[in-house]
Amino acid sequence: MAEILSLREAVASLVRPGDTVAMEGFTHLIPFAAAHEVIRQGVTDLTLVRMTPDVIYDQLIGMGAARKLVFSWGGNPGVGSLHRFRDAVENGWPRPLELDEHSHAGMANRYVAGASRLPFAVLRGYRGSDLATRSPTISTVRCPFTGEELAAVAAVNPDVTVIHAQRADRDGNVQLWGLVGIQKEAALAAERVLVTVEEIVDALDPRPGAVVLPSWSVHAVAVAPNGAHPSYTAGYTVRDNDFYQAWDPISRDRDTFLAWMRAHVLEAA
Amino acid sequence: MSWTPDELMTVNAARALAGARTCFVGIGLPSAAANLARRTVRPGLVLIYESGTLGSKPSRLPLSIGDGELADTADAVVSVPEIFNYWLQAGRIDVGFLGAAQVDRYANINTTVIDRGPGRPEGRLPGAGGAPEIAAGCGKVLMVVRHSRRNLVERLDFVTTVGHGSGPGDRARLGLPGAGPVAVITDLGVLRPDPETAELVLTELHPGVSAEQAAEATGWKLRTAPDVGETEPPTAEELAALRELSDRGA
Amino acid sequence: MAEILSLREAVASLVRPGDTVAMEGFTHLIPFAAAHEVIRQGVTDLTLVRMTPDVIYDQLIGMGAARKLVFSWGGNPGVGSLHRFRDAVENGWPRPLELDEHSHAGMANRYVAGASRLPFAVLRGYRGSDLATRSPTISTVRCPFTGEELAAVAAVNPDVTVIHAQRADRDGNVQLWGLVGIQKEAALAAERVLVTVEEIVDALDPRPGAVVLPSWSVHAVAVAPNGAHPSYTAGYTVRDNDFYQAWDPISRDRDTFLAWMRAHVLEAA
Amino acid sequence: MSWTPDELMTVNAARALAGARTCFVGIGLPSAAANLARRTVRPGLVLIYESGTLGSKPSRLPLSIGDGELADTADAVVSVPEIFNYWLQAGRIDVGFLGAAQVDRYANINTTVIDRGPGRPEGRLPGAGGAPEIAAGCGKVLMVVRHSRRNLVERLDFVTTVGHGSGPGDRARLGLPGAGPVAVITDLGVLRPDPETAELVLTELHPGVSAEQAAEATGWKLRTAPDVGETEPPTAEELAALRELSDRGA
């Protein structure tokens, strides 16, 4: 059953140094508040998993929290590069970053296998791509009925998955809607699940397009209003596109980045 | 009315969607073109975004593939695994529309790493995203790329996404079901694969652009098709629709 | 794009002798009206696919429309046996019925593979069960990462899938809700899709838990009010549990069955 | 208050759910027991039906696993593939609760075909349904079966669902993750696997039933555990709750 905790308690009890951590949300519902708490608590040596690393992982990587990144598209959507990600990969600053790189279809199916507790998933993918030559988690498998060779990807099973959702009830049942992305699969693939929510409500009245994660599939729920900012929470907040644009100059320079993180993350909350 | 080469590129890219029913839309230039097509040549075009939306009808250009309006205006919102497995992989999408960092003469794409030469670390690009499977599984692929030696290169540093591989027959050999790239639309004109060799050749030029200019801006020795067409300038309607879209964009 | 047709036209244009036909609906939304139209049109030699054959297939089998059944549980839910199914299997009446038999998990994954246009699906299933020895569509596959051996099931791709749904709009977009079962996978696995609906509406306002099948993934929509009876359509009709109970004596005897079908199906509509 | 053996069987089956958080419920007797548990020993018990409902709270006994009320009262309704892949196969369910046509001494189940002897066609049973994977994947398995030589047999004609296979260690060898069947609850008492041999032995008898009666109604030579308990008769509350449930049933 999910415990309802403060964000500080939830991160302290669920996210440990060296963990494999997935913070998911496909543009929508990205758990920024939780990531900032991870940074404040100084959790390090993380293997970060995420289809679209986005600004959230640029921040974690730039602060030195990660030793490895598992991903499929690492940019600032609609804006350009993730400069901290590039600096880590190209120059090893602030520390080298190991990569395991996939396509979106591959990553999505790795989560599906993880949520299903299968060791791998099958897809038509990677054919002719050099990606397969660089990743130990891409292989092939032969159909026992037709003989066709297909791509196989290894399951991903994070130690912790962190997601943001619209709301939970007092028992810890979680409800999210809008672009539901890979949230459910990422949560169900993990050993431990932390969900930040905009609010706790008495009852989760049904909503079109809503996904419900029952309390017994979640470990901690923490209230974090506007906890997806600069991403958004459909029905509560809108995407702060200006922030995404502003992140480009902030993140280009190491010192500007560090000063920003100090002012807005380390000394905040 | 005056217009820029970028505007004509986008208008021309939208026109290429005239016959399509469904389009899997990459973000950036492809999204602008696909949304413009819905306002001009193809009002019923079904836009599919990898964030899980089927039939998005945004009123302004989304900054990302996950903007709220893509979901709010969609016929259906599905999970990311579903969009890739049940819709893309299953071969239900007519056209995949992609941008690219590096494209070679067989319309293969690199969006992973750039070789900066000996002793220097590889330059990092964003990565594959949905492209490898979009290019594999859609009925055909359109690409929109700014015409430069940086983007249209002699040799890819890394093959992220297969277009026509190393030439005719390669897609079949690799088991890629779709027809692959049929046009690379640029701000100078259009390149299309030669029916015999699968090599991208110049088939269309913007008004006022010469074949020499296009060749100069191409990283391989660009061949010119026997009959090179001239791109129709944007109509007043096309231009108005594009500018309205862009003004409303983020 | 879906064409909106009469049920008679829709069946005539989409369901052909010898086809593999899936009529799905997990207790809910079972397309009885369409099945009755198939019987009236005298379509035969069908390979029928369905997780839970239910009364709908008892009727098709009893009328001699099927040469083969692909399934995972063939009973009258909460009541007992399907007598026409048993009579066909045990005594070959009115004709012999070939079987391909799975577990629910296996059948569900066969549809998933079909909808994904993969030749097979992987699951943890059938271990130690004699089912695997009787079906050519059950095999094994080895994980290329861990070496573990898992069950593999062949994809199912019907020529036609028939489902019932709450409603469609005038463009042929289909909306269904409640127990959505295997409806989406069965539809997307097929070459041709026929959907019967309670009604055609101007707009499909969003509904909690609704699945939408876009018009371009459907081939024909036909209005069939109460078209799931004795099954039900959440929001429109309730399950006729009395009919399921009444089916037991009707279907026990060949002549009683034939008389009932004549009166209520062949001479109806 | 008087009660029938069937009533005590159902009450006793409900009691077996006292410590469970989540239960994957087969239709028929298991569903009656699981719903009774929610009204007696385990109000918070999460009922999961293979039709795709998580946390159903029906006010009356459903006739089928797909009655509308199961969906209307659920915390979440998911697709059938999801219920089997993400929830059952992933090992999230504490208890699987099954009925059965034929059970052998190692709690293996046949629900497929009955051998009627030479020259006669096999008798047809409904088939596997969800049972093989429920018995494989749940933390443990409870079964509820009427006690007769027809149901509890010396040898299965077909192994649809593996309980303990051919004895100790078989589940591990087959790679079945859950503990397998821990109790077969009947209208005469309860059989449980012997900790050493995994063979079902008599561990509990209903009031007024003798070990001989149970042995007589069992198709194999039924052993009796060293200390056979007597099932507590139903309390007035249990009986009232059960009868209220049944009266409201279809």
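Residue numbering begins at 1 within each chain, and the chains themselves are lettered A, B, C and D in the order written.
In this section, contacts are C-beta pairs under 8 Å (C-beta built on N, C-alpha and C of every residue); 3 or more make two chains touch, one makes a residue touch a chain.
Per UniProt, the chains are A, C = 3-oxoadipate--succinyl-CoA transferase subunit A; B, D = 3-oxoadipate--succinyl-CoA transferase subunit B.
Worth saying up front: this structure is predicted, and the values here are computed from it rather than measured.
The greater number of contacting C-beta pairs, out of the two interfaces C-D and A-D, is seen for C-D. Remark: chain A and chain B have CA centroids separated by 28 Å (rounded to whole angstrom).
Mean C-alpha position of chain A lies 39 Å from that of chain C.
Taken residue by residue, chain D touches two or more other chains at 85, 89, whereas all remaining positions touch fewer. Counting partner chains per residue, chain A shows two or more touched chains at residues 117-118, 123-124, 148, 184-185, 209. Taken as a graph of touching chains, this assembly fits none of the simple shapes: it is neither a line, a ring, a star nor a complete graph.
Taken together, the chains touch in the following pairs: A-B, A-C, A-D, B-C, C-D. Contact residues of chain B toward chain C in the complex are 21-22, 46, 54-55, 75-76, 85-86, 89-92.
Here chain B touches chain A in the complex through residues 27-28, 50-53, 62-68, 70-72, 77, 79-81, 84-85, 88-89, 112, 121-124, 126-133, 136-137, 158-162, 165, 170, 174-177, 250, going by the rule given at the top.
Contact residues on chain C toward chain D in their complex (touch as defined above): 26-28, 51-52, 71-75, 77-79, 81-82, 85-86, 89-91, 101-105, 108-109, 111-112, 123-131, 148-149, 178-182, 184-185, 209, 232, 234, 238-239, 241, 244. Within the complex, the chain A residues that touch chain D are 1, 115-118, 173, 184-185, 188, 211-214, 216-217. Interface residues of chain A facing chain C in the complex, by the touch rule stated above, are 117-124, 137, 139-146, 148, 150, 152, 154, 206-210.
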